[in-house]
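In the two complexes that follow, chain A is the common piece, with chain B as its partner first and chain C second.
What follows is the complex of A and B.
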């Protein structure tokens, strides 16, 4: 069996407070239904500054500056406890402020759909010039900016979507078609946000892991947006669009979709493509979305909590040929939720956790860390959705008890040892199984753990095409250090074999 | 919203006295919110059951009333694990409160 390895990963966040107000669906829905509501009046006071978002422990864990284990040492809630040594730059990526990100949206636009105001352009140009990963040819794409009057005209008369920063109009995204709703300004804005945050993750993947972008063969993108027009609504291809501006000149790519489970499905595909020898270096990448910003805002404002869903997430992972060093992707220990599995939580956990483990002759305690839906409990608990990772660990432990692998009294200690507190923003696919990959690789390279399992789940019924639930999982294992030898036989070896057979034959003839 | 519409239509079609709602929410508070919606009406005034007190009988899947009325093996297969995971006592308490206050049947 040949395996692929995790050669590197990156994790990025974008602080986007104005986008919470103007683009989060909880807020845009409220503006339509109750434009004078108390919530909309109170909301701006609950937004965090960039510094507050940087100083937030779960965000520092997401970009790799603090380990997940440190979350357990700090009493919840975490939003009122600043991290002393918080930094914008992270071991795995960064937290980008909104103005620079608006600049990156403009840079990501190849159809002249984004107009930024002149002064804003100049200020962002200076900041992005200083950014170590945004090279001159990318900065040049900002051009010189447009007059505010032209931007206002596009918004007021041509259905463009406003780009706001610090409560001020700084630009717009124009519609790409006058009739097609799939190309209207709102959809183009959302898609450009996903593309830009995906590019940011891809740039960090190469920079943080010393990867030559030209070595990437293939890109799989796994966000939850769809790009296309009225004749092919989800035609794609975000992967190639991200690859183009990330310098992956030798790569092609395609999009994988599956709601929040998409990253887990994509990791399985990527590791299989590499293990099969189809490609040598496959990047799995995803940007985030603006729609989910402030999704639980009503509960947060009601309880006097800051709006914690103020960041767009992104990540990237490079899957490469087995180098005998990096952790291997056990594409033979993969879980999937089948059509016939059923939707009870028990059936779901069995299909995603115990069935693949049985196939690999492993017990649930053989997995050191389970990376499940790593949603930040600071966000979900006040909204009545509970502690999502904890609920997942309880379910895995309970299945362990039912299988006789654990005593009921050991459930709590199992959860403490094999589980983690969640730290990822509630951006659907972003928290789903993938946030721990960077740490898993690090811990396995340092010899601290042997195995981790990535478990992603998805709510397919939201698309109204099926009532089925979904999920996928894969085990990551410390590299035993053995690289599979080439299975092919060289010409030299064939010649030797033929010669040997001829010699044998001749000696038989001589004997006879 | 869609579920509220369905519950309303079913209650109109078959009569509220002939309907029982089984809830599977994992948190006591969210289960109670769903239970309140199908008894006293949607407390958030956002869906089709806003101001519509159907007063339906409502139980959570981990309550003994439901557990004892279904096949034990099927229950163990479908709910057994979640019984260990959920805060059953808190859910039962909240559900009883809602029934005592609002259920009309």
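What follows is the complex of A and C.
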């Protein structure tokens, strides 16, 4: 059996407080239904500053500066406890401030749809010039900026979407067609945000893992957005668009969709493509979304909690040929939620966890860490959605007891040892199984753990095409250090085969 | 004593990360109650 490996990963966040107000669907829906609501009045006072978002422990864990285990040492809630040594730069990526990200949106635009005000452009240009990963040719794409009067005209008379920073108009995204709803300014804005945050993740992937972008030969993108026009709403291809501006000149690509489960499905596809020898280096990448910013904001504001859903997420993973060093992707230990599986929590966990483990002759306790839906409980608990990772671990432990692999009295210690507190922002696909990959690679390279399982789940019913739930999983394993000889048959093997056949033939002759 | 008796109309609201709607539907289908609406929400 041939396996692929995880050669590197990156994780990025973008602090986007103005986009919480103007682009999060909880807020935009409230503006339509209850424009004078108390929530909308109170909301701006609940937004965090960039420094507060950087100092937030779950965000520091996301970009790799602190390990997930450290979350357990700090009592929840975490939003009122700053991290002393917090930094914008992370081991796995960075937390980018909103103004620079708006600049990156402009850089990502290849159809002249984004206009930024002149003074804002100059300020952002200076900051992005100083950014170690935004090279001169990318900075040059900012150009010189536009007059604010032209931007106001585009917004007021031509349906452009405003770009705000610190409560001030700094630019706009124009519609890409007069009539086509799939190319209107709102859709173009959302798609450019996903593209720009995906590019940021791709740039960090190469920089943090010493990867030559020219070595990448295929890109799989797994966000939850759709780009296309009125004749093909989800035509794609975000992957190739991200690859273009990330320097992946030798790569092609395509998009994989599956709601929040898409990253897990994509990891399976990428590892299989490499294991099959189809491609040598496949990048799995995704940017985040603005729609989910402030999604649970009403509950947070009601309880006097800051808006914690103020960051856009992104990540990238490089899957490459087995080097005998990096953790292997066990594409023969894969879980999937079948059409006939059913939706009860037991059925879901069995299909995603125990069935693949059985195929690999593994027990529930053989997996050192389960990376499930790693949503940050600071966000979900006050909103009444509970502690999502904990609920998953409880069900895995309960099934372990049912299978006789675990004593009932050991359930709590199993959850502590094999589980983790969640730290990822509620950006749908972003927390779904993938946030631990960076740490898993690190821990396996250091010899601290042997196996981890990535488990992603998706709410397909939100698309109103099926009532089905979905999920996928894959096991990551410490590399045993042996690279399989999978290509062709060696001379010695041919000799052995011939000898074996001759022996068989001779034994038949003797019998006769 | 079951609350899902003859004539009772049930509205099912499930949670993706808790108990989803279809799982509750399967349980209620074993009673005389009638499911008039079922949905599953996702908060993450």
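In this text, the second predicted complex is superposed on the first by the 487 of 512 C-alpha atoms of A that agree within 3 Å, B and C clash if a C-alpha of one lies under 4 Å from a C-alpha of the other, contacts with A are read in each partner's own complex, and residues count from 1 in each chain.
Going forward, contacts are C-beta pairs under 8 Å (C-beta built on N, C-alpha and C of every residue); 3 or more make two chains touch, one makes a residue touch a chain.
This one's a predicted model, so the numbers in the text were calculated from it and none came from an experiment.
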Which superposed partner A:345 touches (first chain B, second chain C, both, neither): both
Partner chain in contact with A:296 - chain B first, chain C second, else both or neither: second
Touching partner for A:386 - first (chain B), second (chain C), both, neither: both
Partner chain in contact with A:462 - chain B first, chain C second, else both or neither: second
Contacts of A:375 with chain B and chain C, given as first, second, both or neither: second
Partner chain(s) touched by A:331 [first = chain B, second = chain C, both, neither]: neither
Which of chain B and chain C A:402 touches, first, second, both or neither: first
When both partners are placed on the shared chain, which of chain B and chain C touches more of chain A: C
Contacts of A:394 with chain B and chain C, given as first, second, both or neither: first
Chain C-contacting residues of chain A that also contact chain B: 342, 344-345, 384-386, 391
Touch list for chain A against partner chain B, complex: 342, 344-347, 349, 384-386, 391, 394-395, 398-399, 401-402, 408, 411
Chain C residues touching chain A - in the complex, by the definition given at the top: 15-23, 26, 40, 42-44
Residue ranges of chain A in contact with chain C within the complex: 260, 295-296, 342-345, 373, 375, 380, 383-386, 388, 391-392, 426, 428, 431, 457, 459, 461-462, 467, 469
For the chain B and chain A complex, residues of the former touching the latter: 26-27, 29-30, 33, 77-82, 84-85
